[in-house]
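First chain A sits with chain B, and in the next complex the same chain sits with chain C.
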Partner chain A sequence: MIEIRDLKKTYTIKGSKEKVNALRGIDITVNDREMVAIQGRSGAGKSTLLNIIGLIESYDDGEYMLNGIDVSTLSDGKAAKLRNQRIGFVLQDYSLLEKYNVKTNVMLPLLFDKLSSREIDEKVNRALEAVNIDDLSHRKVAHLSGGQKQRVAIARAIVNDPSFILADEPTGALDTKTSGEIMELFRSLNDEGKTIIIITHDPIVADQCKRKIEISDGRIVSPEQVEK
Partner chain B sequence: MKKYLLLTWMRLRKNFVEHKLIMTFYCAGTIICNRIFVEVFSSVPDLYEQYLEQRTSWAAELLLLKLLEATLIYAICFCGCAYLYKCVFDLNREQNVILSMLGASKRKVITICLLETSILTISGNLLADLSAVFFYRLDILAYIVILVSVVLLSALTTLPFFIPYIRKPILDSYRNFRDLE
Partner chain C sequence: MKKIIMLINNLSGNVISSLILVVILTYSLISVENMIGSYRYITFSEYILSNESLADSDYFMLDPVSLNMDEQYNHGSGKLINKISSFKGVKGVADSSKTAAYFRSSVVNLDFYNRYMTEAFNNILSEGRWFTHSKNSTDCIEAVVCGAIFNDLPVGSKIELAFPNVKETLKVEVVGKVGYPWYAPDYFSISDEVSSGDFLVEANFVMLDDNESNRKMLPENVEPRSLGLSFFVLYDNDCTSAQRNAVRDLYESVGSYKSYDEILKNTHDKIQKDLITGLVTPIFMLAVSTILLISIAVMTVYKKLREHTIYYLCGCSRRQSFLYLVFGVSIPVFISVIINTIYVAVKINNLASGVTGYEGVIFDYNNIWFGILYCIVTVTVAMILPYIVFRSNTPVEIYRRNHND
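The block that comes next holds the complex of A and B.
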């Protein structure tokens, strides 16, 4: 469960002393097994929020509890471990190592854990099967289509069996048909019990989530909608 | 350790494939640094011995000049290495961000960066010294001395890593996830 209260984040623009208030007091609660869309225009603060939820960025003020743990008390190592085991990321540009094959990319999060080669192989194969690309395991990522790359990114995100999947514009670089397939994949992962948070500016993508939250200028502008 | 080495190997391969020029400069720079450093410093013991025998101001000046020359050359090599390190770390910025996103702590990211540069500097120095053994047909004692120099020089050329200017790109890329967007 994610509980965020009065979260604030300010950036200082490089090369000047000008400050940007990316988040100006956000309150959000995301329950387990939810599928939530966070909508907003470019620069609204949605990616900042996702990075904070994913323990990538720190915040200046407020409270963030992840599964009952006060995130501000975590050391860098503990935050990294939590990120590795509980959170999976899916990004618009896939963030894959293009020169390597699918299997190597998917196994990356497992290299930070104490697992044997056999356990790593089993987990990778399971993740690839879950996203229906087990036949591509030895193909180089650079040779895959956009939809296939996003499936690899999703496989990498779920390989450690995390509770949360955070997706930042996951269909932003895909055509309509492939977007639909990827959203279907997210829905099935949600049905299996994963909590999914999707950042998007696309209303069609947001409509496929069970709940929508709209952000503008670092604030929530629409009340959290009732779960469908 | 095996997994760290695997990650380091992946990073090295990626850098050599995608950034051939800068990586070639890096390795060539290490080899040249090694040769200049060894050449300059190798004459210092003889000059010192000469000074002890003669005790003249001329011999002292000569020794001092050689030491100054060696220091200056080391300083230039050091700055060169520092700059090249920065380039290598800049190349890895995106990969550092991906690794931290996937659960690598700051310590792990820095360890991988250090392993990468250490492998590059050690192999560069080793190559330079072994080629010297081959070309000058040195005896086994010289070979041992050279191996020790490889370790010492590699340690010396890793020093720039401890300059904040060099560490900054790694830490920046770790902290600044926005670089990826």
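The block that comes next holds the complex of A and C.
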């Protein structure tokens, strides 16, 4: 469960003293097994929010509890461990290691955990099967299509069986048909019990989520969070 | 294994430069180790020579053409030694007589030391004692041993030496040992630049007290002889200049000499010269290695920043990430150190087992410490710049640059 209260984040632009208020007091609660879309225009602060939820960035003020843990108290190492075990990321640019094969990319999160080679292989195979790309395991990522790459990214996100999957514009670089397939994959993962938070500016994608939150200028502008 | 592959992947993209680094660094470390070996030898030989008994002495070198061969090897030198010994002010001539024997089927040098020889070189003894100079009352002669072949024998051991074409053997009791690097005194050098390093030789030696009763213990036909081409002449404490000059006049009539002080000066000059000439190449190569390593470190960090952002997303902490980079950059250095250690181990093993001999160097595991220290310092220094780059381009920064709306 994610509980965020009055979250604020300010950036200082590198090379100048100018400050940007990315988040100006966000309140969100995301329950387990939810599938939430966070919408907003470019610069609204939705990626910053996702980064904070994903323990990639720190925040300046407010409160953020992840499964009852106050994340402001976490060291870099503990945050990394939590990110490794509880959170999976799927990004628009896939963020894959292009020169390596699918299997190597999918196993990445497991390499930062204490697992045997056998356990790693088992988990990787399970994740590849879950996203229907087990036949591509030895293909180089650079040789895959956009849709296949995104499936690899999803396999990597779920390989460690995390509770949360955070997706930043996961269909942004894909055609309509492939987007539909990827969203179908997210829905089935949600049905299996994963909490999914998707950042998107695509209303079709947002419509496929159970709940939508709209952000503008660092604030939530749709406080009536509509349960679908 | 998978983790190790991931760590090695940190070097991908810099493979050729890393290979060049391995070659240069390995060569430099081996050069430095050999240099350290030479330096240790010359300072060790200086220590052997820094003996009170030698403090007032001259090293005499016979001119090989001043006597005919028969005189030199049979009677000439002996006569000369006797003549010098009879001069007023001369305490004695430090000399040894030589023959050969067999021990464990290997040829060993059998040296009979006169009492001035043991006085002059008593620093070589690392274990036990020298001879008592008493008349031998048993069938076992006191011996000091030196060399790889005797390494396993403790003081107190009794051994038998065989001789070529002779049935009789010689029983000796080990009363003292010369430890590693197994250098024993020998007079070979005839040179104006003679230095302390010229008085030692690495070989298997059995040293016996040169007295009548010991010589009688030898089988017939085995006769130790002094080469007598060169030797130290020790002076009495009250030797006057006139007495010393009289002896030196004799030296000059048949050869030349160097005083102990001149030998020490030559030794210091040699140390300086060897350091200057011997260190130029290794230091240059080490400087090249350091610059190359820093370049590789910076290039690796820049090339791998995006990759490490992905690691960060997958649960790798910043600290872990930096350690992986350090490890990746250090791989060529590790390889060089490993090659180097293997080289040293093989060399030491060959020396210890007598497969190869060595002259003018001391070689053991102490020689690699400098190399290891250099590598630790260099890797640390080489990672300072990448650390700054890494600090100012954290995974968060890179991620934000690529993904923030």
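Heads up, the rule we're going with is that the second predicted complex is superposed on the first by the 227 of 228 C-alpha atoms of A that agree within 3 Å, B and C clash if a C-alpha of one lies under 4 Å from a C-alpha of the other, contacts with A are read in each partner's own complex, and residues count from 1 in each chain.
The rule is short, and it goes like this: a contact is a pair of C-beta atoms (placed from the backbone, for glycine too) under 8 Å apart; a residue touches a chain by one contact, two chains touch by 3 or more.
Predicted model only: the values in this text are computed from it and were never measured.
K.L.:
Check chain A with both chain B and chain C modelled on it and let me know: fit or clash.
P.N.:
clash
K.L.:
On chain A, which partner touches more residues: chain B or chain C?
P.N.:
Counted on chain A, the partner with more touching residues turns out to be C.
K.L.:
Touch test for A:20: chain B only (first), chain C only (second), both, or neither?
P.N.:
neither
K.L.:
A:44 contacts which: chain B (first), chain C (second), both, neither?
P.N.:
So A:44 only meets chain C here.
K.L.:
Share the list of chain A residues that count as touching for chain B in one structure and for chain C in the other.
P.N.:
Residues 47, 51, 54, 56-57, 76-77, 79-81, 83-85, 89, 91, 93, 95, 97, 99-100, 108-109, 111-112, 156, 160, 168 of chain A touch both chain B and chain C.
K.L.:
What residues of chain C sit close enough to touch chain A in their complex?
P.N.:
Its residues touching chain A are 1-3, 6, 9, 12, 307, 309-320, 395-396, 399-400, 402-405.
K.L.:
How about chain A: which of its residues touch chain B in the complex?
P.N.:
Spelled out, the residues of chain A in touch with chain B are 47, 51, 54, 56-57, 76-77, 79-81, 83-85, 89, 91, 93, 95, 97, 99-100, 104, 108-109, 111-112, 156, 160, 168.
K.L.:
So in the complex, which bits of chain B are touching chain A?
P.N.:
Listed in rising order, the residues of chain B that touch chain A are 3, 6-7, 10, 13-14, 17-18, 95, 97-108, 175, 177-178, 180-181.
K.L.:
Flag every residue of chain A that touches chain C in the complex, lowest number first.
P.N.:
Those in contact with chain C are residues 40, 42-48, 51, 54, 56-57, 76-77, 79-81, 83-85, 89, 91-93, 95-97, 99-100, 107-109, 111-113, 117, 120, 156, 160, 168.
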